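Chain lettering (A, B and C) follows the sequence in which the chains are written, and residue indices restart at 1 in each chain.
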Amino acid sequence: MRALRATARNAFAEAAAKPAALAMQMTVMMINDFAWVIFWVLFFDRVGTLGGWDRDSIIVLQAVLTTAGGLSLGLLANGRRIGVMAVGGDLDAVLALPVPPLPFVLLRRIEPVNLGDLAFGVTLFLVACHPTPVGTVTFVLVSLASTTLLTAFLVLTGALAFFIGRSESGELGFHSMLLLGAYPVDLFAGAIRVMLFTVIPAAMIAAVPAGLVGEFDAGRALALAIAAAVFTVAATVTFTLGLRRYTSGSVWTRA
Amino acid sequence: MAIEARGLTKVFETGRRKARHRIEAVRSLDLDVAAGERVAYIGPNGAGKSTSIKILTGILHPTEGRATVLGVTPWEDRRRLARRIGTLFGQRSLLWLELTPRQSYRMLAAIYGLDRPAEQRRIAELGELLDSTDLFDQPVRNLSLGQRMRCELTACLLHEPEILFLDEPTIGLDLIAKQRFRELLVRLNEHQGTTIFLTSHDVADIEHVAKRAIVINHGEVIYDDEVAAMRRTLLGTKIVEVGLLAPIPAPTPLGVTLLEHTDTLMRLVVDTHTTPIRTVLDELLDGPAVADISVVDPPLEQVIAEIYELPAR
Amino acid sequence: MMPGRAYTVALRGAAHRSVLDGGGLVVAIGFYVVIVGTLSGLWRVAVDANGGDLGGYTAIALTWYVITSEAAIVSVNARHIEEIGTDIALGTVAVELLRPASVLGIRVATEVGRGIPRVAALWGSGALLATVLSGAPPNPATLVLAAPSLVLAITANLLAQHAVAAIAFWIRDAGSVWFLYMKAVFILGGMIIPLELLPDWLEHISMLSPFAAMAYAPARLASGHWEPVLIATQLVWIGGLAVAAHLAFRAGERRLQVVGG
């Protein structure tokens, strides 16, 4: 839609308005991501293979995670802030316009720091993951699926704020997803494993997509697509219902 | 009717478990505003003004009651209504801080479905009407608050709305800027027939913009009349506070009520329709006893209290 | 008020407030449990795959290591550098500099006070979790040393953050610096990998750095190694960092006067 394109264009323009700050923030984030890669390299150097994962495959995982994280937190930056916006009354400006609120809110802001994640992830893949043409296409597709899933999850947990009146659910959701997402999922067993594939689908945002880049598995690919779709629907429904309970920050200001 | 509301109620629940309590922000509100009117919706802080306007613009869902704006129920048909109304909330910006107003207008034009020629035409028109053309190409963060508000006003008028809702638009502006802004609203209404619905807790907005004033307090309408009538009854009072070096007797003219009288302080209420303020001041200043003198409008809470002899907040 | 007493008042006040902030504590514990559960799970799997011993650590030892190193770090508000930086940029610090007791001393005392109940709550939860997931601590006597070591660890961390944050007297964007600081603590401080498991050259560097005092020291103790020398090392580092922070703030004060706050 023309309106959403125009919104995205403005978001880009605003992020690029201070190029020096943008470059600095992106660099810092890339260093940050690099430190995690170092950890994993040190770990696997010491430990050898673990549950079918080794240094090379963990690097692919980090590449997918940072790429999807960068796309979601960087380009759809308000996804993480839905809870805060709901409780703080920051949705007024969106609701005053004849636009579908959720897409507009998501596109409206770009977070320069997380663009560093995106740059890092793509670079890491190209430099360290021996990209083949098929592998690259897979990487792009699974990263997009992962981005969708992550964003939907963040919106869903954030939208719970409409119902409970506090924004912590969004923050907790964000932190747990990113933390757990960084792990090679096969390490976990039992109830935790089930949880990581379903309710808190951290396994689906990096470990599963990364595995697909190494070796395509139709079942897992389908599971990823379904997870993305299910969470997108859940997020949209929760957000829409939540808007009915929106208080525009009035409760807080009155207190 | 451009705006019609019956029995609008909005209850907020806050606090947790034992401390849980309900706040009735708006209580059974009835409202009728015809097209082309200029209405000031006045009340002290916490009276329910912002909540009412957010319900009428579709941002909040009411707990009870019904309303139509331009024939549409706001919270059910929000997006359709948004194409025909404009909103300017003093503390929420439509403009992007790092970009120029023109870049924001480009995006808004896309949102409202204006094609490029219409967009250019409208920007030029508004630039002239609001005297803000030279502001459009500077980053918004470089503009003063008064300049920003003129650009915000342009933004919410791009799509030629039939009604303009403004929520505390002059907050933070200096006196001159406020005055200019009010003049712009009047001009807008007179040239383009836009209905103006303005909330404020500044009495001067009644005097200079509105033809009709609706006063709301504790979530209910307590006064609704032509401003001319209100002017006759209420807006003529001034409070005079005098610091004294030596005791002096109270002034004698009619229309002067003594609130407080000690050896060092005198407070008076003057009904300026009965006695011009000048007469009272002349009498007080005739002699060396006055150290300090101030003349102020009575606070809005007091005006409202006077309207209905309710205890002031 | 004598400066010494001002510090204890600040510390106790902050500790009290921290205890009262139940909601914040619950969120921190939730966060901590998730981190510790996954990280210790990772290490346990790794140890099992390596015949039950990794660099001298058993699975139980590593679990207790992780709960301690994470408690030491999660309990300290790591956005401090950014906050201190913002305060400096906004001139709040300039106002504080007018007060008689040392600005630095009060701030650090306050933050240590805030951290103590948090580290206690986190470590307590962690201990429970470790016992359930893995078993009793390998050498319970070391916990007696580990507890004060945790307090020293958060003190060292806070002092270092202040020293680093003083950079904000010179540059406006101290926020980026905290990322880098946190990463240094993660790796060189032994928070996510016990230092013994690093390649030799990195292990040497880390042992010599102040970061080891912030997470490695209490964690090493709690994982069953009776090494009191670690406490001595922490005290030495606290002294050094206090001096560094003091000098950094003094230099910054002087700059404030030159530039104007």
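Couple of notes before you dig in:
In the analysis below, a residue touches a chain if its C-beta (ideal position, glycine included) is under 8 Å from a C-beta of that chain, and two chains touch if they have at least 3 such contacts.
Owing to the predicted nature of the structure, the values given are computational and were not obtained by experimental measurement.
Shared contacts of chain A and chain B, meaning chains that touch the two of them, come down to nothing at all.
Distance from the centre of chain C peaks at B, each centre being the average of the chain's Cα atoms. Here the largest set of C-beta contact pairs joins the chains A-B. Distances from each chain's CA mean to the overall CA mean are smallest for chain A. Centre-to-centre, using mean CA coordinates, chain A is 43 Å away from chain B. With centres defined as mean CA coordinates, chain C is found 52 Å away from chain B.
The distance from the centre of chain A to the centre of chain C, with each centre set as the mean of the Cα atoms, comes to 29 Å. Looking at chain B, no residue sits in touch with two or more other chains.
Residue positions of chain C touching 2 or more other chains: there are none.
Taken together, the chain B residues at the contact with chain A in this complex read 12-14, 23, 25, 46, 50-51, 54, 57-61, 75, 78-80, 82-83, 87, 89, 92-94, 96-99, 103-104, 106-113, 139. Looking at the complex, you find that chain C touches chain A at residues 23, 27, 30-31, 34-35, 37-38, 41-42, 45-46, 49-50, 54-55, 173, 176, 179-180, 183, 186-187, 192-193, 197-199, 202. Listed in rising order, the residues of chain A touching chain C in the complex are 21, 24-25, 28-29, 31-32, 35, 38-39, 42-43, 45-51, 168, 171-172, 175-176, 179-180, 183, 187-188, 192. Taken together, the chain A residues at the contact with chain B in this complex read 2-3, 5-7, 9-10, 13-14, 17-18, 90-93, 95-100, 165, 244-248, 250-251, 254-255.
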